[in-house]
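Common to both upcoming complexes is chain A, partnered first by chain B, then by chain C.
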Partner chain A sequence: MDHIAAHRLDGNAAAGRLEDVFAVEITSVRATCNGCGATAAVAELTVYADAPGTVIRCPSCEAVVMRLAQVPGSTWIDLRGARTLQIPLR
Partner chain B sequence: MVISRGFLGRRRDGDRGGRLPPGQYDVGDRFPVLSAGPTPHTPLERWDFTVEIGRQPAARWSWDEFQALPHEEISVDIHCVTKWSKFDTRWSGVSLDALIEAVSAPMAAFVVGFSDGGYTTNLPLADATGGKAWIVDRYDGGPLDPEHGGPARLLVPHLYFWKSAKWVRGLRLLDHDEPGFWETLGYHNRGDPWLEQRYSGD
Partner chain C sequence: MVGAAIQRRLTWQVAQVSAHVRDTPRCWRISLDVELGAWLPGQHIDVRLTASDGYQAQRSYSIASAPEERTLDLVVERLDDGEVSPYLTDELRAGDAIELRGPIGGYFVWQAGLGGPVQLIAGGSGVAPFLAMLEHHQAAGSDARLSLLYSARAEDDIIARERLDEHAQRAGVEIDITLTREAPDGWKGRIGRVDAAMLAEAVIPASEQPQVFVCGPTAFVEGVAEALVAQGHAPAVVKTERFGG
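== the complex of A and B ==
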C-alpha cells in the first residue's frame, strides 16, 4: 500500500461526522451564495416549491443556492450554488 | 376567445381516454404555473434568439426578425410531470427545424435549450426536429404571458412539459448530450409521458 492510499478511507469513516451535520435544525444553517458571496440563514433564502423539485435561491442575487428533488426512493440534493454551509452544533 | 372556450368545452364531454398518458389527470380549463425562479421580464428590444454551435453563436434573430419568420399554428395536448395534462392548447411559433436549418451543424446530435434565469433542458436532435418542437411566442390567440414563459418558450409537447423551457433565448447544438436543470436532479433524461419516463431509472 502506497503512502497516499493508506490515507484514503471509504465513506463510512466520515459517517459520524456527516450524521452530526445533516441532523441539524436546517433553517439556522447559514449558506454563502456561490454567485454573489452573500450569506444568509436558510430560513431567509427564497424557495420555489411548486416546480417539479424545490429550488432555493439567494435573496440578494436570485442565483440557485440549493436544489432538491424528491423522487421515488430518494432525495436528490445539489449544493453547487452554496460556497459554504455554516452549521451550528447542538 | 369564444371559439376557444367552446372548443375546450366540447372536448370535456367527449372521448379523451385515449389522450391521457398513464398517471395523468385532465386539469380542464386551468393552466397551472410552476416556477423554479422569478419571472424574468426581458424587454422585447433587448430580447434575441441565438442558435449556437458548441458554444459559438451561429445565428441570431432580434424580436422583430423572429416575428418575421414563418409561424405555424399548433394545437396540442401537454403533459406535466407533476401529473396534470391539458388538452387542445393552441400556440403559434417557429419550428425548430427552421431555426436549426439556418445554420450548418452536421455534427449536431443533441440540442440544449437555454433560458433567461439560467434554466436549461436537453433534447436529442431527433426529438427537436421533424415537426415536433417549436419556439412559440403566442398562446390562445394572444401574446405569450410572462408567467407562461413569454416572450417566447420552447414547446415540445410529445415530452413532459419541463422540456418546454419558459423564457427560452437560444438553442445550443452539440455532438454530445448535456443533461439540463431537472435532468441532472433525478428526473428522466428524455421524459416521454406515454412511457411514463418521470424519473431517472424509469
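== the complex of A and C ==
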C-alpha cells in the first residue's frame, strides 16, 4: 500500500464537516456516483483529508463524489459527482 | 437506521478534561465532561485545536466509553509526527478545556437492540469504539454474542487490558488478542498478524450471519474486510472505520 493509499480514510471522517451543514445523520445517507452509478453509504465512501480540502471518492470507480473546502466563515461543497443523495427520514 | 432523537446541525462545544491517564506506552485515555446528550456505541467526535495565530486542526476520535458511563472517554494514540495527538497526550491536563463536536455517525454503530451475533475486529487503537460497545453490552444486560479479535503489537500495547480481561469472563463475550511483534513467555493468546487463515479460525463464521465491525489503520481494515468478503461475509454486514496510516 503506497503512502497516499495508507492515508485513505472513509466517510466517517468527513461526517463532522458535513453535519456542520446538513441536519441529518450523514454517514447513513446513500450517495450515487455520477461517474459509474454505484451507490454506497457515505460511511463507505473513501476520503482523502490531507489535501487543503476534503476529497470524497467513489469506492467502486474512484471518481470524485464530493469535495469540501473550509475557509474562514464558510464551507464550500461541490456535489457535482453525486448523482443523488438518498436521505432516510424518520 | 439508528439515530439520535433530534438531529440538528453540529456545533463546536467546550469540554472539560476530567482525567488524563497513560494506558500504554503510546496511548492515553482522556475523559471529558461535556453535555452531548446520549451517544451510541461506535460513534465518534471531532476534536479541534486552534493555534494562537488562528490556524486550526481537527481530528476524529471514537468514543471509548458507553453512554451509560459518566464521562465521554477517548483513546488517543501519540503519533510522533502528528499535528494533534502530541498536544492531546503531552500537553493536555485534567482541568483543561478542549473544543469538540458530536456525537457523529449512525452507520458504524451497535447497540443492544440490534442483537447479535456481533464480531468486532480491531487493529491497535481501533479497539476504542469496541470498548464502548463492550461496556454498553454489559450495562444493557444484552445476551447478544459479542466476539472481539484484537491485534496489538506487544502485551504492553494492549489498551484497557484489565477491562478486557473482565469482559472475557462474562457470558456471551469472547476476547481474542493476537500479538504481532513480541509475545511474553507463557502468553496464552494468539501470535501473529491478522490474516485470512486467522480470520477463518477466529471470526464467527458467515453461516451464523454476524454483524461485523472492523476498525484500525487503513491497511489493516481494508485487508481484513477483503478477506472476510472472500470468506462469504456479505459486504453490507462488514462495516469499516479507517484511522489512516
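Heads up, the rule we're going with is that the second predicted complex is superposed on the first by the 69 of 90 C-alpha atoms of A that agree within 3 Å, B and C clash if a C-alpha of one lies under 4 Å from a C-alpha of the other, contacts with A are read in each partner's own complex, and residues count from 1 in each chain.
Basically, a residue touches a chain if its C-beta (ideal position, glycine included) is under 8 Å from a C-beta of that chain, and two chains touch if they have at least 3 such contacts.
Being a predicted model, the structure only gives us computed values, none of them experimental.
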> Given the touch rule stated above, what does A:Pro88 touch, chain B (first), chain C (second), both, or neither?
Replying inline: second
> Which holds for A:Ala51: it touches chain B only (first), chain C only (second), both, or neither?
Replying inline: first
> Of the two partner chains, chain B (first) and chain C (second), which one does A:Cys36 touch, if any: first, second, both, or neither?
Replying inline: neither
> Of the two partner chains, chain B (first) and chain C (second), which one does A:Ala15 touch, if any: first, second, both, or neither?
Replying inline: second
>> In the overlaid three-chain picture, which partner chain does A:Cys61 touch, first (chain B) or second (chain C), both, or neither?
In response: neither
> How about chain C: which of its residues touch chain A in the complex?
Replying inline: 1, 3-4, 7-10, 44-46, 58, 60, 101-102, 104-108, 217-219, 222, 239-245
>> Help me check something: in the complex, which residues belonging to chain A touch chain C?
In response: 1, 3, 5-13, 15-17, 19-25, 27-28, 41-44, 88, 90
> Can you list the residues on chain B that touch chain A in the complex?
Replying inline: 33-38, 81-82, 117-118, 162, 182, 184-187, 198-200
> Which of the residues in chain A come into contact with chain B in the complex?
Replying inline: 48, 50-53, 55, 57, 62-64, 67, 69, 71-72, 74, 76, 78
